[in-house]
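Two complexes, one shared chain (chain A), two partners (chain B, chain C).
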Partner chain A sequence: MENFEEKLANMPKPEISDLKHQDMLANALVTARDKSVLSGWWLSVPLYMLAALLMKTVFVPNTTLISLIHELTRTQKYSSLFFFVLVPVVFIVLNFMAVKRIHYLSGNPQTMKLLQMVWFNLLIIVVSLLLLIIYSL
Partner chain B sequence: MKLPWFKRAGIFFLPSAFIGWIILLAGLVYAVYVFRSIDSTSHSASDTLINFVFRLLVIGAVYSLIGFLTSRKMRT
Partner chain C sequence: MVTESELIRKIKDNPAEFSAIFNLYYKPIFGYILRRTGNFDDTADIAAETFIRAFIHIKKFSYRGVSFKVWLYRIATNEVNMFFRHQKKQQSVFDRVDFTDKTLFNHYLQQDREELEAELQQHSQFLEVLNALKTLPEKYQNVISLRYFEGKDNKEIAMILNMNEGTLKSLLSRGVEMLRKKCNQI
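So, the complex of A and B:
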């Protein structure tokens, strides 16, 4: 019995160098960045359309961005709905979920620390909201 | 086929497997085809570029979607 106690005392304690939730947080950060890059590519299409319409307002007299968007809605009903409504909504949801997961896994961090981790996702959400607002005017 | 086909580097998804290179090549070939198609009917260089950049962004968006979906190992 004494021998066993001695063995127990000398026995190395199991150590976990990496916590599982750290791996999960690292994975969530990589996924969030992947999602933000994907969102950036998809949002570049409506942003380009918006930039083209803005240029058109400069060169065509008596036109406004809103009137050109209304014209686009009439002539290209489904593609404008896809790029100005469906794409922003999908990417708002995707990026919001990514931010929420990082917030949860990092244990309610300070606002600045969270902003450093997910600033691009938040930017994508803001741009998507702007596209939705402009389209709904 | 074994994933991943792509790995992300900055804002691009780069191929990391043979099938990834095939997809990238197909995208580039399609972009060239689109450029030639637009150029044959356009009235000026700016007309070509304005239409081509739009198509190129759409091709890039679809390519990045494929890259995103195939850049992770499948969960077993």
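So, the complex of A and C:
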């Protein structure tokens, strides 16, 4: 028995000297993850604008959020379209792709595991959808 | 010199730092999986899957007496066991990841394949023992390969497999005896 253990421990085993594919794989993995996490800071501009409009409804009598958004649409047509339509739509698309990518990369995990991995992406999608809905009211 | 804990903190702040961990541990983990499977293609897939799992879950990793290296060996062991349990060929990890130059990557992979398949062929005695080991239940395969193929001590194996040393010793003793009988039959 001891002899056999010694034989197992001392038997020559295959060793790895160098792996040529290693660096490219490392880069591919890191890039894949980098692409999957998108900065939510871009949404802070329309959210800030929305907060400002909400504050305005509190302090200016006879105003509602919808009326203020309509006014913003009239006076700042292009910037409001950019921040309340273009930015949220881009974020929805990019984060949806990121969720799909993580799902794919992690080999079709169970729903709960996937939710733990992509909760931030889903949060961004929800916030973007809210901005779109509020703007379209 | 950056410590392991500092490196993990850096990765949590910036995922691109993961390549440092990858470069540090990819080769030993790859070697461990190769000595478990005896097959280059399965090893390459399982090793990449191991690091993808580690990368995705690194934010959840925290030191609780378990080093990152032990954590990686634990993931690799689970991946190997899953592979042996299911044996169904999933889509290769390499088809799921984007490479800057896929042709060049495949060229490097082919070079590694040729080199390591030649290395495996030079170790026919090891392959015979490995084939006998593969017929044993999973729990014996885990302890024997970590102890005798990887040269880990009992304390580290117990941490990797998340079991106490007493259980490990009895598994080792029974496993070695079973493997000895299997090898005598060859």
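Things to note:
The rule is short, and it goes like this: the second predicted complex is superposed on the first by the 98 of 137 C-alpha atoms of A that agree within 3 Å, B and C clash if a C-alpha of one lies under 4 Å from a C-alpha of the other, contacts with A are read in each partner's own complex, and residues count from 1 in each chain.
Here is the rule we go by: a residue touches a chain if its C-beta (ideal position, glycine included) is under 8 Å from a C-beta of that chain, and two chains touch if they have at least 3 such contacts.
Predicted model only: the values in this text are computed from it and were never measured.
In the superposition on chain A, contact of A:Met117 is made with chain C only, not with chain B. In the superposition on chain A, contact of A:Ala26 is made with chain C only, not with chain B. When the two structures are aligned on the shared chain, A:Trp41 is found in touch with chain B, with no touch to chain C. Once chain A of one complex is fitted onto chain A of the other, the partner contacts of A:Pro61 are absent, as it touches neither chain B nor chain C. In the superposed pair of complexes, A:Leu8 makes contact with chain C only, with no contact to chain B. The partner that reaches more residues of chain A, of the two candidates chain B and chain C, is C. Of the two partner chains, chain B is the only one that A:Ala52 touches; chain C does not reach it.
The interface of chain A with chain B overlaps its interface with chain C at residues 33-34, 37. By the touch criterion given at the top, residues 1, 4-5, 8-9, 11-17, 19-34, 37, 102, 104-107, 117 of chain A touch chain C in their complex. Chain C makes touch with chain A in their complex at residues 15-16, 18-19, 22-23, 26-27, 30-31, 34-35, 44, 48-49, 51-53, 55-56, 90, 93, 96-101, 104-105, 108-109, 111-112, 115-116, 119-120, 122-123, 125-126, 129, 144, 148-149, 151, 176-177, 179-180, 183. Every residue of chain B that touches chain A in the complex is listed here, in rising order: 8, 10-11, 13, 50, 53-54, 57-58, 60-61, 64-65, 68, 71. Interface residues of chain A, counted against chain B in their complex, comprise 33-35, 37-38, 40-42, 44-45, 48-49, 52.
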